[in-house]
């Protein structure tokens, strides 16, 4: 893929995540791997508002060409290192996923059979300080066995073969979580 | 209708369904019949993002001119075969309809009198594997007697004389389902 | 006001009402009075999608220049006849207003003091067939004493000195109704 | 910053607040300080619809160059006087914040650790008449010790070093409040 396409895809994804209430304020970060380069969102900005210069180029060792990348850069780098099949990573804050994540046992994939097919497994990790080496390490380890990780009282990481694929997993997860929350409310 | 108009109408409908949270990720499919041809969305794409080439032309025997159509193509073909009055089919995943669909008896059309007038009947079918011949068969049979079918823990099929007509039924159904869910919560 | 401005304002209001989930499908209708003429939305269309020709010109006796107006035309005409201070009418289907309208006593304006100031009074009328002379008569009578009427299990009529004024009342009403519904859920 | 940039930023923020349901009808007001001048939204308008002329220029003594500013002008002026570090003020009506604000003790910042880091403190003040000198005085006093004030049964004031900063605090607050409301519903 050309740089321009990647930058455009990340900007567009930021707008979708924000409009769908999957991120808020400056939270959330998005990256795409293209060969030996990684493109990642800059830190401290609303992802609905990214300009091309806010998508930073980083090499696989974490050397940033220019600008201040997401505080979760090491998490993204670790994921790409451990998953050669993965070319896109999203950390988002899906509301109902966060809510159901309080009781991990409640995320019953079989409630909606189509989800079982598409999501396969969801891993849960405990609440760890955002941007910390400890969080990067925990996610990097967990990602070896799943494409979807819910971080307790924080958010969710989804990965994919491309950026839409990572976003689709996030959307499915949130739909399912909302379904389970409302099911719990009415029954 | 001209091909360009149909393609434009399907693309626009995809955007509306996505913005209104009636579909998510790559789920959902849309078709329109025009004489002896059927136009249907390609498989594996987010329907908020369709390009003209993602709307595939199929004849009534299911021969696709080019591309990989929705895995529910046979369901769409079966509906058109059994309903000469129908020129548009939508399979969507309306959230509250899915939720109320857990208890089919809860979908009380008379809760909102105007719905009774517009929706008439809603049929329910059990959970069947998406894209399977069995699901296509069940929907195709049920559609003979109704314009709206809720598939247990999956989604809803609505049909119409044209594409807006099918979408309006979906919107009414979801409004009613949401109304009944919240009524159940507060009373 | 010029015709072009009125038509533009009605089209824009239709889009807002739809995006804010205050109308759905083909439901809802909007009119504006300009001197001896009334501009009203055509029947059977989604109000997020109106073209200039879908805004019909009617005189105060109900004579339509061209096209098929909203089935609630007589309600709109009756309101303008009884309220010389009113130049805009909206019939919409605000979700939470409809829900709270099941128990009219629950719509407590004083729950949010600012609402009390802006909304003053809300009248409730029983469920009557949409488009019927009986509904037009009931609303026309009730509007003499209030700017906001909730029709049981159907929707709400708001009127204003201009179109934004009628829309603002609708938005306030819905915010309040949602507030009261959620308050009822959590307490 | 240039006047044009400030005006553009305020107009854009109005649209975001409205689309995110953080304001409604004509409610809510936004200001930005630029040196000795303050730019504030005009009164009585929907903030999703502002034109450049609806952003009024005021000096620090409250002298308005032209137009009728927000009825909360004195609140904004008082905040800027007491907080030299603050250059933007938003008064909004976040739904779930308003709801949780009924029981101030329920707004538990530690429910989502990342919120604790970003929001620090939230102050609550009792219901006071909008636009009154008394409300301006209470907010002006409270703002000395916090960036976020919830006004009982009315709304929330957030301040920031710039306009996005004030908006981000509002978005975080509302996300947290919604989280706590739904947590209360399901547990």
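The first chain written gets the first letter, and so on, giving A, B, C and D; residue counts start at 1 in each chain.
Just so it is clear, a residue touches a chain if its C-beta (ideal position, glycine included) is under 8 Å from a C-beta of that chain, and two chains touch if they have at least 3 such contacts.
Since this is a predicted model, take the numbers as computed values, not measurements.
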Q | Mutual neighbours - chains that touch chain B and chain D alike | A | A, C
Q. Since chain A and chain B share one sequence, what rotation angle in degrees maps the C-alpha trace of one onto the other, as a multiple of 5?
A. 90
Q: Same or different, please, for the chain B to chain C contact, judged on whether over half of the interface numbers appear on both copies.
A: different
Q) Which whole number of Å gives the spacing of the CA centres of chain A and chain B? A) 30
Q: Determine the centre-to-centre distance between chain C and chain D, using the mean Cα coordinates as centres, and give it in whole Å.
A: 30
Q | Intercentroid distance (Cα basis), chain C paired with chain A, Å | A | 42
Q.
Two or more other chains touching the same residue: where does that happen in chain D?
A. 185
Q: Report the topology of the inter-chain touch graph, choosing from line, ring, star, complete and other.
A: ring
(Q) Under the stated touch criterion, can you name all the chain pairs that qualify? (A) A-B, A-D, B-C, C-D
**Q.** Touching residues (chain side chain A, partner chain D) in the complex
**A.** 24-27, 46, 93, 95-96, 98-99, 102, 127, 129-130, 153-154, 181, 184-185
Q) Which residues of chain C touch chain D in their complex? A) 111-114, 117-118, 164, 167-169, 171-172, 175, 178-179, 182-183, 185-186
